[in-house]
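Here subunit A shows up in two complexes: once beside subunit B, once beside subunit C.
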Partner chain A sequence: MSRAPAPILSVRDLHVRLWTKFGVVRAVNGVSLDLAPGEVLGIVGESGSGKSIAMLAVMGLLDAALVDAVAGSVTVGDRSWNDLTEIEAWSSRSEDLAMIFQDAQTALNPVLTIEAQIVETLKARHGLGRKEARARAIKLLEAVRIPDPQRCLSSYPHQLSGGMCQRVMIAMAVGCEPKVLIADEPTTALDVTVQAQILNLISEIQRESGMSLVIISHDLGVIASIADRVHVMYAGRIVEKGTVQDVFAAPRHPYTQALLACTTRVDDEAAAPRAIPGALPDMREAISGCPFRDRCPIVLPICATEDPELDAVEGHAAACWRMPGADP
Partner chain B sequence: MWGVVTVVFLLLRLSGDPISVVAPPDATVEMIAALRQAYGFDQPLYVQYTRYIAGILQGDFGVSFQYGQPAIMIVIQRLGATMSLATAAMALAIVLALPLGFLSARYRDRPLDHVLMSLAMLGNTMPTFLLGIVLILVFALWLGIAPTGGAGSLAHYVLPTVTISLATAANLARMTRSEVLETLGKPFIRTARAKRLPFRRLVTAHILKNAAIPIVTVAGLQFGALLSGAIVTETVFGWPGLGTLVLEAIGRRDYSVVQAAVCITALIFVVLNAAIDAVYQLLDPRIKVV
Partner chain C sequence: MSIPASPSDFALPLLQLDDVCVDFQVPKAQGGKATLRAVRNVSLQVMPGESIALVGESGCGKSTLGRVMVGLIEPSRGSVLYRGRAMNALNRRDQQSARRMLQMVFQNPYGALDPRFRIHRSVREPLDIAGLGSRAERREKVARVLGLVGLGPRHAAAYPKQLSGGQLQRVGIARAIVTSPEVLVCDEVTSALDVSAKIQITELLVELGRELNVSYVFISHDLGIVRQVATRIAVMYLGRIVELMDAASFYRGALHPYSRALLNSVPIPDPQLQRDRLSKILVGEVPSPTDPPSGCAFRSRCPLAQNICREVDPALTPRKGSHLVACHFC
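Our next item is the complex of A and B:
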């Protein structure tokens, strides 16, 4: 394997603690990741695994009123942020990052036209005048395959379908010409046929522009179809990482194995999907040992006391005491 | 409108005989009968009612017993004074409430928020007569920089305007705070932050525009209430407004003035509500008012 180029986005030892109605939750516990230019990274995990929170922290978009503590460092290109709490509460971190969200219909402002929302973005990012911005907006809408851009511009979000709104979101994000696009469950709120269209669109745009993409999803199919590499998250940490082929063909972490066993296979009707017994550990407590041990079928004594490290080496790795070379 | 007009008519007829107030104490039975005839009170109720409605349709609310002028003229004169005071008070209240409510939301649960919301609570619960008297005491009597009461010059506006607007502003500021907080939690605010919009654009187009509807509703209703006359404040400051006029007219059973005032007030409320609905549509394209 050739030497990897310098990462465009690099996250080190990210910790996030958030206020919830149940108390302070340790949502992200020591996440590190690197993203190469032009690479597509998938992050999978169930609800509450901290995948969205981690990326919102990277963007600097956590709700300041809910944050108890954020620690770690983020490097985008040649700029670094070591004190992650030190962001102006009203703006996001870097011009080189853009993000699209789950439910595009609510992620767009209901009382402004699409035109106003795209134009204000282009003005803020590129300092374009109104006319230029409008012309550029039409180009962008064409690029996301919106059939009648003129009409779309004068519409309000509630007049568009969910799929259309997500296309508008993508157009807006792409209009910022980011080096990294973070897509947080971009297809979750859409129906299946539209999901496929949106995924294809994101994938095409990513290839054409050469930007990097982080795609967050609980849907293994989505990740498999679009990502180069995948990180599996559980209880606020990355438990397995590797190329999509490696991880999906030969999952190493028992959680990943269980996750894959949950999916139905069209080619094997006999294999019924198996749910993972148990639930996520209580995220309010500091977890000593492996967070998955209570649900793990192959648990070892050491799992209760010491947290397995995720190998820093590139390539396929899992944070599990059963891994070869993970001897205590 | 017709309902209001009719209810006012009937309630007033139940309130007693106006002639007994109008007539001099030593009036003879014949004089009273003549007066009654002159004002049409000798007719059966339905005839009075028909005349009354016919009059209103022509803009004629009858003649005031007290002033001997058409009732509508008297009401409109007083309405001018009330309107200018209400408008000044409302403008001041909005100018105070929007930024303070917004600041309070932005610094939620911090000292600034607690101070502002305590002040708002105080403003909300302080009776206007007390505030008015305190203001007169301090600014008119001790400092001597404002007139104690009456109307005429611009200086006369200051104290009553402040008195009325403080209570209104307190209410509006609390409303603004809660609406801004609610809007801040919406997903599109996160989108706007992701887009790195300038702070000003974020606040005006994204936060305030979305938070505006309930604020406009409350502001509109309060404005309507102010237009029907702030009786207590008017009394404290001797302001020649609608509130004191109506109070006085009711006391003297000046039917035509009360009728005219209530009808005008009702009309104002109707117009104001229509205006608020129109503003809704400007603010939120999802609302379609027929």
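Our next item is the complex of A and C:
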């Protein structure tokens, strides 16, 4: 077997605990992942499974006031960070990582024109003068298919549609020439027609620039659109990983199977979707055993006491005691 | 009830909209006012027991039309008949009881509930306002309705903050059905929910529809979810209905290029098929409703557009069966 190229991004044993008004929530519980150069990784899971918090921790963008504890390590290229609570971590990782969010309209500053925001970013990042930065901004807006870049530059965010704002966010992120772009539900707030356009755009830019991409979504259809590999998250853990072909064609973890079974389809293969019974476990408790066991149709006695691990092996794997070779 | 439902009017539409238009006056960027035509010349009937879905991109007029149906907005033109009688011609009392028969549920259930009230009080409120039943009867009705939507006494005693999004949406539905309406307009009721909760809510609506004999107007931009609920589908574009057909044949048999484009845009969880679909997507965004294209409003994005589309707005005309399409070329 040929050796995989060295990963551009590695995350090891990431744990995040957050303060909430209901107590401390264990939002992320031991997430590890590797992203190859030029690879597109999808992260999918129900609301509250820890997708955003995990990636915000990787970026170093967690709100310090909310954090109870962060542990784990992040490696980008040849630089590593073992203390993820460091505030300065953000500025040093931001050279290589960029992130875009679901609500582009509110992520932009409402009282500044697009020009002020995009030109400032470019000046800060590349040390360009105003004129050069403006020329580059127009190039970037053209690259994200904004029909009239000049007019867009002089607009305020509220004068643009949600889709246009997301294009601007993508332009700003790509303008920083990151090694990895993390896109957290970038199309969730958009119409399906515009979602398809944005997914095409992100995928095209990713291929042309060769950057790596992490796309977070709760929609398996979005993941199927552009990801090479997928990680399925549940209760702050990765419970299944593999290529999109393997995972969608033959999901192994009962949670992945349940998630696929409740996804509606508009094409001819539509079967009646089935809801997943129950809800996410209380994330304030440390969970002993498998976190999915209360909703699992094929539970074993061991599931109540011991948490199955995701095999370290490359390729298709699921954290489930039912998997062959998963005996304790 | 002052408007009796007799067996003879069983086959009559509950709601009948004739040539309904809704215009809004909106400020222009350059100053002055512009007319925004949110709903244009919509004629539609809601029959007993059916579930009609309004679909289309945001801003195409679905919510506005839904609000017209429950009497929250007066149409600028055209008429709305409830059981054959013009809503605005009813006397005050009849209008109030008609309103009770036409209820609406919204996307954000949290916003519709008073955070200071326990759930049972919020659900009881419509009965209190309408002065329906004795105290004991109201309490009993609230418990029954909460049971119908799958909530128990524990939820009844809770405050909105203590419930999940899916549970809050159940409360929203309970509140809407507590006055035993005949038509329930559901506006994006699943949009804020998780995949699994979406399915649970559609299952609940289908079940309630059967049990309570309520008709639905199901507003959603999610064609996958619509498929679980709708018996008929109306596709809207810039305020007009461009295609209206029976839901069972819509997913294979929709003809309008906009309907086809919408269907093609919905991602499906199959990497191979989905990548192929993504290569054939609709370009552009919805034009401004204050300045729609001449002729057919869809022509600026339409792969079939010809010169005539610029000049003549195609009328909604019958195809096979009850299928209606507004297009010169399909």
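Just so it is clear, the second predicted complex is superposed on the first by the 317 of 328 C-alpha atoms of A that agree within 3 Å, B and C clash if a C-alpha of one lies under 4 Å from a C-alpha of the other, contacts with A are read in each partner's own complex, and residues count from 1 in each chain.
Here is the rule we use: contacts are C-beta pairs under 8 Å (C-beta built on N, C-alpha and C of every residue); 3 or more make two chains touch, one makes a residue touch a chain.
Since this is a predicted model, take the numbers as computed values, not measurements.
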Subunit B versus subunit C on the shared subunit A, clash or fit?
fit
Could you look at A:286 and tell me whether it touches subunit B, subunit C, both or neither (first, second, both, neither)?
neither
Superposed model, subunit A: greater residue contact from subunit B or subunit C:
C
Touch test for A:276: subunit B only (first), subunit C only (second), both, or neither?
second
Using the superposition on chain A described above, determine whether A:193 touches subunit B (first), subunit C (second), both, or neither.
second
Please give the least Cα distance, whole angstrom, that subunit B and subunit C reach in the superposed model.
10
For the subunit A and subunit B complex, residues of the former touching the latter
56, 59, 61, 63, 65, 90-92, 95, 98-99, 101-103, 106-113, 116, 120-121, 124-125, 156, 158, 169, 172-173, 176
Subunit C to subunit A touching residues, read off their complex
29, 57-58, 164-165, 194-197, 199-200, 203, 221-225, 227-228, 251-252, 261-275, 278, 281-283, 285
Okay, in this complex, where on subunit B does subunit A touch?
108-109, 184-188, 190-199, 201-202, 205-206, 209-210, 283-286
Subunit C-facing residues of subunit A, complex:
46-47, 159, 161, 163-164, 191-197, 199-200, 203, 218-227, 244-245, 248, 258-260, 262-270, 272-276, 279
